[in-house]
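Chain lettering (A, B and C) follows the sequence in which the chains are written, and residue indices restart at 1 in each chain.
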Amino acid sequence: MKKTLEWIMTLMLTASLALAGCSSSGNNAANTDGEGGDKPIKLVWWVHESPSFVEANKKLIADYKKVKPHVTIDLQVFPYDAFVQKIRVAMNTKTPPDIVQMFGTWVREYAKNGLLEPAPNGAELEAEVYPAAIGGFQYDGQVYGVPHEFNIENGAALRYPKMFQEAGIDKDPATWEELIEDAKKLTKRNGDKITVRGLDITSNDSIVFYFLALIQQQGADFWNEDRTQVSFSTPEAEKAMQELVDLVNVHKVTDLSKLGTTEEPYMVFFKGQSAMTTAGPWTIAEGINTFNVQDFDYMPIPSFTDHPAVFSSESGWGEVVSKQSPNSQAAWEFVQFMMEEENALAWNLQTSSIPANKHVAEDPKYLESAPHVKAAVEALPNGRWIGPLADRDYFFKVIIDTFAAIAYNKKGLQDGLKKAETDINKMLKSKQ
Amino acid sequence: MRTKKRKLSYSLLFTALLIGSLLMFVPYLWMVLTSFKSNSEILTASNHLLPQKPTLAGYKKVLGEVPFFRWFLNSLSTSAIVTVGAMFTSALAGYVFAKFRFRGKRLLFVVILATMMVPFQIVMVPMYVIISKLNLVNDLSAIVIPYLVSAFGIFMAKQFIEAIPSELIEAARMDGASEFRTFWSLVMPQIKPALSALAIFSFMAAWNNYLWPLIILNEESKMTVPLALVFFNGQNVVNYNVVMSAAVLIMIPVVIIFLIFQKQFIKGLTMTGFK
Amino acid sequence: MSKQQVSERRFIFLSLAPIVLLFAVFSILPIGIGTVLMFFDYSPLSSNVPFAGLKHIRELFADELFYKSLRITFVFVLVAIPANIAFTLMIAVGINKIRGRFWKNSFRTMFFLPAIAPLAGSAVIWTTMFNADSGVVNMAFQMLGLPQIDWLTDPSTALLSVIIMTLWADVGYNIVLFMAGLDSIPESLYEAAELDGASPWHVFWSITLPMLSRTMLFVFIMTSISYFQMFPQFQIMTKGGPLYETYVLALNIYDQAFTYMNMSYASAMAFVMLLIILVLTLIQMRIGRSQWEH
């Protein structure tokens, strides 16, 4: 019996030792003397899941290996939802990831709490990068990280020219009214059910971008003067929300069956279940590589009014370096490497995202190699930074939920918008 | 007449149960069939139950591109340690509570029992805070240490040990056996059935635990099976044939183990309900 | 103290100390911290923790979503628990009537099989089964000439879909428990009833059910405690949507704590949940006790 005891004890001991071994092979194994040299350094880099982004990131790692063979970069890929939560949880521990490919709008929250290293070349970045792309990275006179892309999610739409032909439409819509008319013609039904959506801008994040853009295109704003509180109880906001709800309930060019699911509008589009949908240019790479779809193009979307088609844009994906990182210098070196014009361009081309750096975006070479993003590049001057949203995902969720409640007739237009305004303002007050 | 009617109702019952149990099996069938579908078949949203062009692409991706065995090993090792630990501590504490007298015994026992009633939602935030203070976030020991003790296990072990005659224990002591020796070689063997039931329970609970690993583990290489599967699902929204392949690979060993130990399993389960 | 007593003391101390320590750190202390936390503003991102007084509790009582998730939790529990118990009892009685060990065991195995799979994994599988465009459920409906349903995205069917999945995943346990309970009813009672010429229905109500009351109480309490805390299928299959029609309290608490990082607010919500479970368990035990006294 005693032997069995010893045996079990040994087993437990070895197992826990093995476990301890496994765990310390993670972040802790990173070399702590951060001073480059030729000692091996291990950097942990967190990114979100998106096939073309992951591929582009892997390529950067492989290229960097050639320049600095002693630096190993451990790429960790997270689904978007988990990513949002995990960086929040991990950044304030003693072993955060060294580099995070963070969404620009989130950066403020971490910068404010002193969890990020400011960029050594902040002033230079402010001069070179589009204001909407860098806005989210700025806090208190410093730039915390380097943006990779100009995130643009509206202003242009994916569409199937073939479906336009079949519906007898021979020119692109020039006004909002024409857009709606075309959408009606493009919508296909089987009984009551929509099989092909004419214009799909009422799923998930699209709703928010359109809601904000339609307000701005009426010449109004949703922020107060100093951007500390929002206002959705204006006639402009009501008109904007009503228009989106009408797409579902009056014009019936789309429905609510994909709302809140993991099937993003661009996936629905590439499965052939919508004729037109707004999406960022990055979805082009997804369509070609993941869905094997070729016969689509990218067209500008007309303004809701006579005003220019302005829209709110977030600061897109970019690199930040953790303050707690023992290898922050090596981490910055890698970030700088990524931002060298040649590498940045390759990254933007592979992900079909819009360069954050003005030089890169305005270089004719860029449009030559990426003709399909033309509509997005032309829309760039209309893009404005969305503003300090504090908790970005809460902000978006409240608007999406409000839209759903109004579209399902669970809430009145004014009540719903008032509630959204109150909820968002409460969050802004406690977190901004 | 009466027997005829009986026969009819018996065959009705039989058929109903047969259909019911086949329906219970549908999700597994679906999982296996989908796992053999090709990427393009899933993308075109075709409505076929059977894969049109069966392929092993999903399995190749699971076995080739993700640390599948790592996930398996993580789950297996942590669940095994939790099981052994919980068995040992439950028996030990159960023995002390059943056969010794000391001050505060009743109170201590009641407090331990009361923790069973507390929903995990109330302890998860503080537990997260404590674990992050101990610097164990994203460490596999974070999903082991808190589960090394089990209030339910202590309760069960105590019930069983109380049934062991005290004279037996006294006799062992008279023979000069140490306290631990008495516990190990006299008490433990007596409560074997209860311990194996507890082992099954702890193992299942640890193997299937989702919420706590979700909170505390971050990196892919640290994940346990259920968490990894959900995570993997998030990474492959589009091509869920891959997810189903992973699901199949995860379910098969579990099902085999269950079929082998079925008898002990069900006996253990009923025991937890009746003591 | 005798030598015997000294070694006894030492044994008690050495064996209980680590165990009690683990309980203290991971069960008792968290309850304390959780209770204290709701009076502060704690965020894992920042190191200062200001006192908030009753702010979170006041917010809680003004929070529409909190009431909504409370309501959804109760709807879920009030539908799923009776359905579970009625269903499992029926199947257990049915399987018990089957002659021949092979079939009896096979049926039990088939019904129990889903219970051994991780709930999270089952939820992933069911999400694809309920998919409106390519799921097997709509395929079957089409074959039977029934309308196509957006199972998980239509507010009127989402909760039902999750309940169906939960029942599938969870009936195994209770079937096994009920079968064991049925086995322990003495055969002689049934023989006596048969001699009296009682109908099967009457036998069920006057013999089977009362004799099962102990099992029933156990099953009822265990199922309620676990159903109140159900989490994976809600988070995986619907994320609480559409229109929060599946937003149970457990998911609301998780979101507040780990998605929006309002950990103090989450603690206040969790505290309410604790109170509810405590009260319900006490009521169930009281009812159970009075039944036994009969």
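By definition in this document, contacts are C-beta pairs under 8 Å (C-beta built on N, C-alpha and C of every residue); 3 or more make two chains touch, one makes a residue touch a chain.
Nothing here was measured: the structure is a model prediction, and the numbers come from that model.
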{"item": "Between the pairs A-B and B-C, the one where more C-beta pairs touch", "value": "B-C"}
{"item": "Greatest separation from chain C - chain, by CA centre", "value": "A"}
{"item": "Gap in Å, rounded to a whole number, between the CA centres of chain B and chain A", "value": "38"}
{"item": "Inter-chain centre distance, chain B versus chain C - centres from mean C-alpha coordinates, in Å", "value": "15"}
{"item": "Shared interface positions of chain A, touching two or more other chains", "value": "89, 92, 273"}
{"item": "Residue list for chain B, restricted to those that touch at least two other chains", "value": "45, 128, 132, 215"}
{"item": "Per-residue multi-chain contacts in chain C, two or more chains", "value": "44, 133, 258"}
{"item": "Residues of chain B that touch chain C when the two form their complex", "value": "10, 13-14, 16-18, 20-22, 24-28, 30-31, 34, 42, 45-47, 49, 89, 92-93, 95-96, 100, 102, 108, 111-112, 115, 117-130, 132, 145-146, 148-149, 151, 154, 173, 178-180, 183, 204, 207-208, 210-211, 215, 225-227, 229-230, 233, 240, 243-244, 247, 250-251, 254-255, 258-259, 262, 266, 269-270, 273-274"}
{"item": "Touch list for chain C against partner chain A, complex", "value": "41, 44-47, 64, 132-133, 148, 150, 152-155, 238-239, 241-244, 258-261"}
{"item": "Contacting residues of chain A [partner chain B, same complex]", "value": "1-2, 5, 8, 11-12, 15-16, 18-20, 22-23, 26-27, 49, 76-82, 86, 89-90, 92-95, 262-263, 267, 270-273, 290-292"}
{"item": "Residue ranges of chain A in contact with chain C within the complex", "value": "84-85, 88-89, 91-92, 109-110, 113, 115, 193, 256-261, 273, 391, 393-394, 401, 404-405, 408, 410, 419, 430"}
{"item": "Contact set on chain B toward chain A in their complex", "value": "40, 43-45, 77-78, 80-81, 84-85, 88, 128, 132, 135, 137-141, 144, 184-185, 189, 215, 218-222, 231, 234-235, 237-238"}
